[in-house]
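The following blocks contain the structures, represented as structure tokens.
There are two complexes below, and they share subunit A, which is joined by subunit B in the first and by subunit C in the second.
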Partner chain A sequence: MKAENKKEEGAKTGRTRKFKVYREDPTDGKGGEYQEFDVQVEEGMVVLDAITYISQRVDPTLAVRWNCKAARCGSCSAEINGVPRLMCKTRVDTIDGTITVGPMRAFPLVKDLVTDVSSNYEIEKLMPEFKPKEGISSPWRMNEMDVGRSQEFRKCIECFLCQDVCHVVRDHHAAYIGPRHVVKAASLDMHPLDTLDRSEWLTADGGLGYCNVTKCCQDVCPEHIKITDNAIIPEKERSADSLYDPIISLFRRFSKGKADRKQ
Partner chain B sequence: MAQKNIAVSRLIPSEFFEPNLRLYSFIFLIAAASIALYLFPVGEFKGYIDPFYSPTILVLPLVGLYRLTCYAYRKDYNRHVFKHPVACPVYTRMDGPQRSYTGETSSLFKVENLHRYFLYSAIAILPFFYYDLVLSLMYSGGIILRIGSIVLAVNAVLITLYVFSCHSLRSLIGGRKDCFSCMANASGRKKFYDVQSGLNAHHEQIAWASLVFIVFTDLYMRALSAGIPLDHVIFHILKL
Partner chain C sequence: MVAYDRVETDVLVMGMGGAGLRAALEIVSRNLKVVLVSKSLLGKAHTVMAEGGIAAAVANVDSKDSWQVHFSDTVAEGVYIGDYRMAEILAKEAPERVYELERYGALFDRTPDGKIMQRAFGGHTYRRLCHVGDKTGLEMIRTLEDRVLHTGNAKLLDETVITKLLACNGSVCGAVGFSLRTGKFIVFECKAIIVATGGLGRIYKVSSNSHETTGDGIAMAFEAGAELRDMEMVQFHPTGMVYPPGVRGLLVTEGVRGEGGLLFNTKGERFMLRYSPEKKELDARDVVARAIYHEIQNGNGTEHGGVYLDITKKGAAFIRKKLPGMYEQFKEFAGVDITKEKMEVAPTVHYFMGGIRVEPETARTNVNGLFAVGEAAAGLHGANRLGGNSLADILVFGRRAGISAATYAATSVAPKLDYREAEAEISRINSFIDEAGRGSTNPYEIIDELRDTMSSKVGIIRNGKDLNSALQTITVLKERAKSVTVKGGVRFNQGLLGCIEMEKMLLVAECVVRSAIYRKESRGAHTRSDFPNKLKEWKLNIICARNGSKIDLSTVPVPEMPEELNALVKPEVYA
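Up next is the complex of A and B:
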């Protein structure tokens, strides 16, 4: 590969861009480093195009995961110049200078840009399941005004960029399940036919109190789900209802006492 | 040592013990401003009442706690004062596993869960801002519109928007319900919830605008009572 020649040519036409791509194979114990590549860019090219160009034409040992190239499957998540983003949705011409591409650091590395996100599926198994009202006739009927909120959350493509950017998940507490899973809990909780309230579980077992509403998750979500505003804060308010509100808890104790006496 | 740290950080978050210039200046500013407001009150001046003294300076702690436990301000001080994290890009966030972190689980920050009660007090105080506006308009016996009244009006509207875009209010009027159609007057309440949600999406901007404007209003009133001729009469209808 005549990288030097290409660089010269690129400088003239302005169409070659420098990419720094993270390389590491955890099995060889040598640690990792960024490797530079010069890639000829075309109009409208996205970062994933450049990365697949490198892995197909320049260095086939570069590990990268992707599927749809249409921001639908959520598998091409990476950190591009330090910001968690989908490689297939990040246009090269929106970034100035060198483009640095690394894996999501919140997850264990498999190789190069590929990480193991399976911990998320383990968390999902812990979540109290959808529990529909008893005795409702099928097909289930729901009023349109009731389904909007949980529909927003169903846009989630499980890219886990929000988990990656969250400073709690990434740097501080394994005890916090993370924004993606609060979105999931909220989508179940706000479902008109579901009967559970997961807010107490979210706070007691899910570590919701560790989220300090700094909204990085909401900023990076490629589906523009208002994670903090529409899922996390409403769940915090619901858990304030169930755990911290002195008047509500007094009221509950009172009505429970009444129910007990009735029995 | 580690044991003791955990016990302390349950009460007071460990961030308070970090050498953090931003935190020190933040605490200093709040303390200095509170002392100054107490020591240098502005009385009523030509029918104007400074918003910090409406209805009385004694409600200021409630108003302060309302803002301190507000989700918009929480985001801001968690980012810019506690630096957890300052920014989202990973190189510039100034946060990392080396810093200890308890988030909103420490006893001190658990108070944030009582935000709704400060909301109730904020709603109770709201009418006073309009009352003061009306007083300033009727100061001369007739009806008088001065720049100062416009300042008070903008201030009252911004505070109202701030209070009505609150996340706790959003939960109260429908956010905590799973089923809107099951409520009495469903479509009306859903509409109210939607309008409030629209406002709520701008809660952060409104929170800042109203904070800046309260300070501006206070300075304007102080300037007037110090004799700086800023105020002008726009129109004046004498008593018939």
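Up next is the complex of A and C:
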């Protein structure tokens, strides 16, 4: 990519690859189009390297959101050849031919590759917060196994790729909060000392019923969280239990224990 | 006429890393108005990358641990030029801050009897790091983010870049910035500002840091009259990835060594036995980093310029549970399976011990109403930071900075902001944008040259000749920087962001280099081949202060510890 780098690493691929990058500024009303760039590649290069090369060296007006370049912050979400992926985690050498990079389609466009994901924070505000049992003696004790179940969901880097791929979120925006937020609810519900059950909230307010368990979200998650299997299905089951069985529902509402949870 | 939005608040918190978020909670709980800004999106700040854990002497694993030992480790590993009062506060308060984070909802790994699990880390006498696998920073950010979102009373302006602090009669009264998303300029009017903008790792070419860490807050505080200290103290982490080139510098957590990973050179020798027979792989970072550097210099490194780090003997199940992030990172980026193969590693710029000089208890700077905290502030770590002490730092001093700024804002009258000064700054930022783009200099040419210079001349082992040459380069770059322009508008313009970061980077880099030239000894992270020994007369802190457009350097003695604290610390020895 950069002359200095190549010298230093001795990676003399010298090859260029074609990138088609989506350009649109919704404020000018001119609509969008893909623009072609040829970028020199070096060994191990990721798509984000090419995009930042363009925005730093060729056209600074190319809007792109990124920060860690280590697949840890969840900023650089995009659609690469139509698939929702992190640009910093997608190696160029895993893709043949032209590489097309576009913004996530489920969110309003800010500019070029950047979308407005603020609706996710609004949903987060509505999510019933962690509510620990009262009066437990400090420091708290928890079993490692129990903790592990919730920790799977806490790997989420809020890249919102699962939101992007979900057809329900794409088509019926307001109706269903989306997989990321079910994962969040599950991370709280599975906390060994949490006292709430968010499954009813997920169904009544969150539109969880719209999810028809296609598992597309789970396939794109860069953290390999089993979103559908471990978060969505158990939350659906819990909410079904409590909705159809008023006694369990009542019991759940008033009992602080979680031992009866299906996990 | 320049157009801008006005935002009025009691306290402006610059930064949504752990320090900024933790500080904001204190301000909200005192019913004051707070606005937080961040260059990156909420939840994406550099803190999210932290891996290994939070150092706190909760003594869950090693019952002999105590605040006294944590204090003593911090002072000794900081090579006796850290601020002992900050070390004492940190050691005493970190346990409560960890338990508090747990009460906010963070879920730590557990010991067999269900307490918070702790792991070994370099330079800590006992297993002390409370952790969540190798994603501790993520858990911290998410927990604090949730908390801040649910308070409802904090105004969050993420993807907003502050370019200048405004002061009136020696007190801060506001700041100027712009929103990346809307492209609008914003003038902030406030009573107090907390600088929680993190470090400056990205002034180097090879660094483990997020790309937003360009020293902005340190530079802006300096320009507003705040003193900086220990600017020569840049921590190199011993183990960064070396291959492929695109991820060079990416961190390989110390947790790998903490969990039993061993270092080998290409001759198959476990060389740390030679450099540090007692602490071996888990000696302080500066020691291990120099050892690796020497092995590579002596021709015992791999073709990509690294040494080997091997954890395979721990077995796949253990590795994937304890180091899932590392497993992924190597598999995805390098195509290496660390449960079966060795990793290739070399030192990488990781942390900045220097920064804004603060009063230990209150995080106040020498400018009224200006507070600094976290990696942007200095003092706690002295010449070398212990792993895990930074996450502890941002919780402990984040809370304290929040309390101090809130107390200050509640009792001070809003100063009058000079809008002409704000408008002048907006015009200055606008002047970077040149529609015609008259063949001007690209900011990234300058940034890249600065990074190359810092990495090659202001690295692990320094000398006067290289340092002076680096200073000359910076002087030339500063001159060239005047002709930098970009095309386009303000919204998400990477070039414009580059212009602003470039200015800040040049300023902080100059402070780093000048301080490094000034310190004529080797201590902690600062090693000079022309002054290889640690010297008693250099048990001092170097202060940078602004004098017009010049940087004035001076020294202050390290405060003497009271007898009862001194007794806890093993005495400093000089060769």
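Criterion: the second predicted complex is superposed on the first by the 229 of 263 C-alpha atoms of A that agree within 3 Å, B and C clash if a C-alpha of one lies under 4 Å from a C-alpha of the other, contacts with A are read in each partner's own complex, and residues count from 1 in each chain.
Heads up, the rule we're going with is that a contact is a pair of C-beta atoms (placed from the backbone, for glycine too) under 8 Å apart; a residue touches a chain by one contact, two chains touch by 3 or more.
What you are looking at is a predicted structure, and each value in this text was computed from that prediction instead of being measured.
Just checking: does A:D205 make contact with subunit B only, subunit C only, both, or neither of them? Give me first, second, both or neither.
neither
A:R154 in the overlay: touching subunit B, subunit C, both, or neither? Say first, second, both or neither.
A:R154: touches subunit C, not subunit B.
Return first, second, both or neither, reflecting whether A:V83 touches subunit B, subunit C, both chains, or no partner chain.
first
Of the two partners subunit B and subunit C, indicate the one touching more residues belonging to subunit A.
Greater contact footprint in residues on subunit A: C.
For A:A240, decide between first (touching subunit B), second (touching subunit C), both and neither.
In the superposed model, A:A240 contacts subunit B only, not subunit C.
After superposition on the shared chain, which partner residues are touched by A:R105: those of subunit B (first), subunit C (second), both, or neither?
In the superposed model, A:R105 contacts subunit B only, not subunit C.
Does subunit B (first) or subunit C (second) touch A:N143, or do both, or does neither?
both
Let me test your reading of the model: by the given contact rule, A:K215 touches which partner, first (subunit B), second (subunit C), both or neither?
First partner only.
Could you say whether A:H191 touches subunit B, subunit C, both of them, or neither, answering first, second, both or neither?
A:H191 contacts both subunit B and subunit C.
Counting only touches as set out at the top, which of subunit B and subunit C does A:H167 meet: first, second, both, neither?
first
Could you list which residues of subunit A make contact with subunit B in one structure and with subunit C in the other?
On subunit A, the residues that contact subunit B in one structure and subunit C in the other are 143, 191.
Name, in rising order, each residue of subunit B that touches subunit A in their complex.
It comes out as residues 71, 74-75, 78-79, 82, 84-85, 88-93, 95-97, 99-105, 110, 113-116, 167-168, 170-171, 175-176, 178-181, 186-187, 190, 200-201.
Help me check something: in the complex, which residues belonging to subunit A touch subunit C?
2, 4-5, 8-9, 11, 25, 42-46, 49, 52, 55-57, 60-75, 89, 91, 110-112, 114, 116-117, 121, 124-125, 129-130, 132, 138-144, 147, 150-151, 154-158, 188, 191
Please output the residues of subunit C touching subunit A within their complex, sorted ascending.
Going through subunit C, the ones touching subunit A are 40-46, 48-49, 58, 60, 99, 102-105, 107-117, 132-133, 135, 138-139, 142, 145-146, 149-150, 152, 156, 159, 181, 210-212, 243-247, 250-251, 304, 324-325, 328-329, 332-334, 442, 444, 448, 452, 486-489, 491-496, 498.
Can you list the residues on subunit A that touch subunit B in the complex?
79, 81-84, 105, 143, 145-146, 165, 167-168, 171-173, 176, 189-192, 194, 207, 209-216, 219-220, 226, 229, 233-234, 236-241, 243-245
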